[in-house]
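These notes open a run of structures that come right after.
Each of the next two complexes has chain A plus one other chain: chain B in the first, chain C in the second.
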Partner chain A sequence: MASREIVRYKSPARTAFSVLVILFLIIFFVWTVLPLAIMLTSSFKDLLDAFKLPAEGDWGGVGVMFDFKPTGAHYVELFTEKHFGEYMRNSLIASLGSAVVSVFLGSMAAYALSRAEFRGKKDLLFWIISTRMAPVVAVMVPLYVIFRSSGLVGTLPGLILAYTTFNLPFAIWILKGFFDNVPYAIEEAALCDGANRWQALRMIMPLVAPGVGAFIVLCVLFGWNDFLFASIIGSGGAKTLPVATAELVQPVKIQWGSIMAAGVVTTVPMMFLGLLIRRYLVTGLTMGAVRE
Partner chain B sequence: MAVNTIHREPPEQSAYRGVRRVDHSPQIFNNQPARYYLMWLLLPAVLLLAAISLYPFVWLIYMSLHEVQLAPGKSDLWAGVDNFTRLFSDKSFARGWVTLFKYSALCLSVEISLGVLVAVILNNSRLEKLFITIFLMPMMMAPVVAGFLYMFLYNGTFGWYFWLLRSLGVLDGGTILGNKSWAMAGIVATDVWQWTPLIALITLAGLKRVPQEQLEANMVDGAGPLRNFFSVALPNLYPFLLIAILLRFMDNFRFIDTILIMTGGGPANATKILPTYLFDVSFKFFELGRGAAIAFTLLLLTILLGLILTKIFEDPTRKIKTDGMD
Partner chain C sequence: MTSVTIKDVWKYYGKTMAVKELNIEVRDNEFLCLLGPSGCGKSSTLRMLAGLEFISSGEVFFGDLKVNDIPPRDRDIAMVFENYALYPHKTVFENMANPLKLQRMNKTDIKERVVWAAQMLEIEELLQRKPVELSGGQKQRTAIGRAIVREPKVFLFDEPIAHLDAKLRSHMRGELKHLQRRLETTTVYVTHDQLEGMTMADRIAVMHEGVLQQLGTPGEIYNHPVNEFVAGFVGEPPMNFLDCRIEGAGDSASLVYDNMNLALGGEQSRILETKGAAREVRLGIRPDDLTIEMGTDHGLELSAKIFVTEPLGGDMLIEADFGQDRMTIKRKIAELGQPGDACGIAVNSEKLHVFDRDTGEAFF
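Then we have the complex of A and B:
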């Protein structure tokens, strides 16, 4: 890069500027990481330690944050008394079920949409993307009434269907972009060599497999983190982790220790999954518009 | 499929009896068999999607024209356009829209300026990898958990951010979420914390596609780094920022988990954005007919945004299509 080769002379203004930049980065770093650190440490503190604060304006007292005896009591309580193991299973079944259904049907549809030209294709695509963008509450109003009359409220299949309302259009839309990037020539070559269409499709599967895998993970993430659908459609029989966390708020007292522990339990697996699909994350979160 | 079998000649009538005929017609995807094959691939997804989105949409329209009765045995009462006309005199409805736009405008302006700033600083620096990894962490968090975490930080007796604001002498009396303007700032800060990283990642992806020749040419012409950013890098970033703005705006009214947890719309409706109001009407007061009418207006906005978004995706002159998609 040419810009690197330009000789820069040190001047007071330039030094001040770089100090400002570094300061800004440090503040941004702390701002991003501090809440996570507080959540993690608070989940291992007993309530007396968690509520300890230095006096107002006592900047030296910040060390109080890390002055505690670690205890796993909140986690033990979550999984024994509060049945979080069961809720975790519900979360996993609902999000994974919806992800697998969405990506399976979605990749078939995406392949067809990528290869076929027909009248009304644009309208179909528009319908698909606007389904995905509809506000969750607005979708839920009619869905609740329908699910109520068909007995799906409070069941895991109901929740899987509800998550599919946003996961399926997402999968179709984003996988279509994926198939668009695979040249048709590969399939054509396979067809010329005597493969049938199904075998030709299997030829290009290795090319799209990493993406398909990543988008299954992303669909799991969307389902796992959902609260609105789970709180209304899943209320009763299919309680998921976010809903169970919200229920730790009781009229008498908010059980902060347990809530922080539940937060860690809900968040940590998703962070690992996020790291795993790092390469596809921005593509997924921008509906395929931006690629790194 | 049926069409093909009708047109195929029965083998007995063929002049070449006993010889298997091989069809050498080129396998182009728009010929009939391929069309059917692709249609069968497409159909299951489309049918399922229709069942869970189009059918409910028809229901939504039905509900918006009725007074919905949830008690078993009672049938819905015809209400005509009452549910819609009532919205015009509904002050909370109008306020909901205003608050929604205010909330989104605040979130977006802070997120975009911070995100672009961070991305420009980090681009090509040694810290880029480290920060990208850190960026992932807030984004992966369930909005509910983020809501609780910030509620904990804002708490008036043991919240660290409360302590920080008090120590800085900015916050006078009361708690953060109990004060009208501070509560808005509080929920905006939560959104900013969670989603500025996404803007930064999008901007970083955009910065990688700024043509180096243009930057160099500009520099040879004597432009400094600041001038270079505003006259070369920023115009190249616009499509990326446009996508970022649209997506974030959409998510601002798609997800209301954080607001429901932190304030529930309060204090004094200061943070009651329209979807939150819709949630209250539908699932607290169970006035589903009125809720359906409100939901309908929200969906209209969604469709409008969807139109803009598909235009950007389709327009071949846009950078996003040629550079954004490899």
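Then we have the complex of A and C:
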């Protein structure tokens, strides 16, 4: 392989450009991190401290924003009085459950679509992805009617099924890309070694593992962050974190402290998940795209 | 440890015909080579034996057992693939142990078998490595190891050494042949390299455009090719072909080309007559059956000019022009002629081959 090094020579234009790039990155960093920082700090403030803001234009007074006595009261309240433990569990079960079901069914479908040749294969693939083309709200009402008549409204299985409806087509498409990249000869070798189809599939599963891992994360994120399904189909028995957080906005009182704490509770697990599998996420998402 | 019978087998991919009415019997413990250029149907044939492709029509038997509808895992075959097809996430040991694991053999026996195979292939010290850490030759040995651990009924090799470098390839030819003799297992070996076929096989089946051209020992194929294709495909450097005219009849026919007049032997003449050869035929001569002498004063049948000389070390390849044709001559000579030098070429008339110009069929 040839060297990937890109040779650069200094020039005034290039220097100016790199200054601009750095400036942009700083602004971008502040833009993305500031809300999170405010959320985090506010979650540890009591209500009075939270609204202590410097006057407009008073840059020297920024310090008052950090002048507070940390309190964990909001977190305690969330998990004791407001049952956030239960909602977190619901969120986890719904998102993980859907991810597992989607990957399990998706990998089998993707394997079949990747390996078998049959008439109408392209149409079938298009049909699968076309189910993702309509906005979620468009199918919400019919889906609700179906779910209600099947007794799935307000249950975790209902929520898992709803998420799977949307994750599965995506899973099939992404995983098909991964399977396409695994040489068929490896399975043929397994078949000659004495494996049946299932064993041959199991043999190549480790090869698509980075893809599967990355995909599980995407599925989990979809379920974890979802509000629409959770509020309509999950309402009642299967309340998840986003819905519970929204309910903290009450007509009489907006509980800013609790909302901020709920925001932190919702964000942190996903951040850790992202950090944990960052490496796989990158290989996984690029693996399907580049043929070697 | 079984014979393999291919009976009237056809293979179609859609409307494209890949194999046409193939009949081959591979004898017990025989090393049979399917030889042909790419696209000749040899790999399709092998894959049908393995059960990786459906047989469009016809029958395949292992011994007395018809295997058409038996999946690969129940055929008791072991296949070595062109690109080795090792399991990239498994170590050499696990790769080789896989067929045994699938047979639910117990761990101690598996270890014993794998180590036995690894010793035979001299890859013991590599057992804990992953395929990415292996060289081409080592990967290939691993792939062969995976095939031999199980003592299958039939070995199927699909160009296993095509991607190795030339030196290793010639080394592996000997090793594979030795291994096959030692294990005494019926083997079908696919290659496009006539040298592999000639050196390793008990018998060679030459295929072209899905049709079996000739089935015979390397000696038969080389010395008595049935048609122009086989004659041209087998042998390195390839056979020289010249369009000639037959003159005379009965016992004393001769081949005429330009100012060359090549008298045929009595038997050769009779064969041409009884087989009703047309006047216009094609003459085939192997580069080894030509002699060359430098200078104009040679008294040989053909006068030619040297086009290029290619020293091979011991031998010399000389390409010489005459008329509109060019011939390759392989000789041991010390003297290097220069391009353009005049020379004379003599033909060993006992080693001639004559082909029908239209059908390519050999008269002798």
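Heads up, the rule we're going with is that the second predicted complex is superposed on the first by the 256 of 292 C-alpha atoms of A that agree within 3 Å, B and C clash if a C-alpha of one lies under 4 Å from a C-alpha of the other, contacts with A are read in each partner's own complex, and residues count from 1 in each chain.
Methods note: a residue touches a chain if its C-beta (ideal position, glycine included) is under 8 Å from a C-beta of that chain, and two chains touch if they have at least 3 such contacts.
Just so it is clear, the model here is predicted, and its values are computed rather than measured.
Asker: Quick check for you: in the superposed arrangement, does A:Lys52 touch first (chain B), second (chain C), both or neither?
Answerer: first
Asker: With the two complexes superposed on chain A, say which partner A:Trp31 touches: chain B (first), chain C (second), both, or neither.
Answerer: first
Asker: Counting residues of chain A in contact, which comes out ahead: chain B or chain C?
Answerer: B
Asker: Classify the contacts of A:Ser150 with the two partner chains as first (chain B alone), second (chain C alone), both, or neither.
Answerer: After superposition on chain A, A:Ser150 lies in contact with neither partner.
Asker: Quick check for you: in the superposed arrangement, does A:Met270 touch first (chain B), second (chain C), both or neither?
Answerer: After superposing on A, A:Met270 lies in contact with chain B but is clear of chain C.
Asker: With the two complexes superposed on chain A, say which partner A:Gln199 touches: chain B (first), chain C (second), both, or neither.
Answerer: Only chain C is touched by A:Gln199; chain B is not.
Asker: Examine A:Leu191 and indicate which partner it touches, taking first as chain B and second as chain C; both and neither are also allowed.
Answerer: A:Leu191 sits against chain B and chain C alike.
Asker: In the superposed arrangement, does A:Ile128 touch chain B (first), chain C (second), both or neither?
Answerer: So A:Ile128 only meets chain B here.
Asker: Looking at chain A, which of its residues have contacts with both chain B and chain C?
Answerer: In the superposed arrangement, which is not itself an observed complex, chain A uses residues 188, 191 for both chain B and chain C.
Asker: Per the contact definition, I'd like the list of chain B residues that touch chain A in the complex.
Answerer: Residue list for chain B touching chain A: 27, 29-30, 34-35, 37-39, 41-42, 44-46, 48-49, 52-57, 59-60, 63, 68, 70, 114, 117-118, 121-122, 124, 127, 131-145, 148-150, 152-153, 157-158, 160, 163, 166-167, 193, 197-198, 201-202, 204-206, 208, 212, 215-216, 219-220, 225, 240, 243-244, 247, 250, 253-257, 260-261, 275, 278-279, 282-283, 288, 291-292, 294-296, 298-299, 302-303, 305-307, 309-310, 312-314, 320, 324-326.
Asker: So in the complex, the part of chain A that touches chain C is made up of which residues?
Answerer: By the definition above, chain A touches chain C via 183, 185-186, 188-196, 199, 203, 206-207.
Asker: Under the definition above, what is the set of chain C residues touching chain A in their complex?
Answerer: 50-52, 71-73, 77-79, 81-83, 85-89, 98-99, 102-103, 146, 150, 156
Asker: Please output the residues of chain A touching chain B within their complex, sorted ascending.
Answerer: Touch residues, chain A against chain B: 1-3, 6, 21, 24-25, 28-29, 31-36, 38-39, 42, 50-54, 56-59, 65, 101, 105-106, 108-109, 111-113, 115-118, 122, 124-131, 133-146, 148, 161-162, 164-165, 168-169, 172, 177, 180-181, 184, 188, 191, 197, 221, 224-228, 232, 241-242, 245-246, 256, 259-260, 262-263, 266-267, 270-271, 273-275, 278, 281-282, 285-292.
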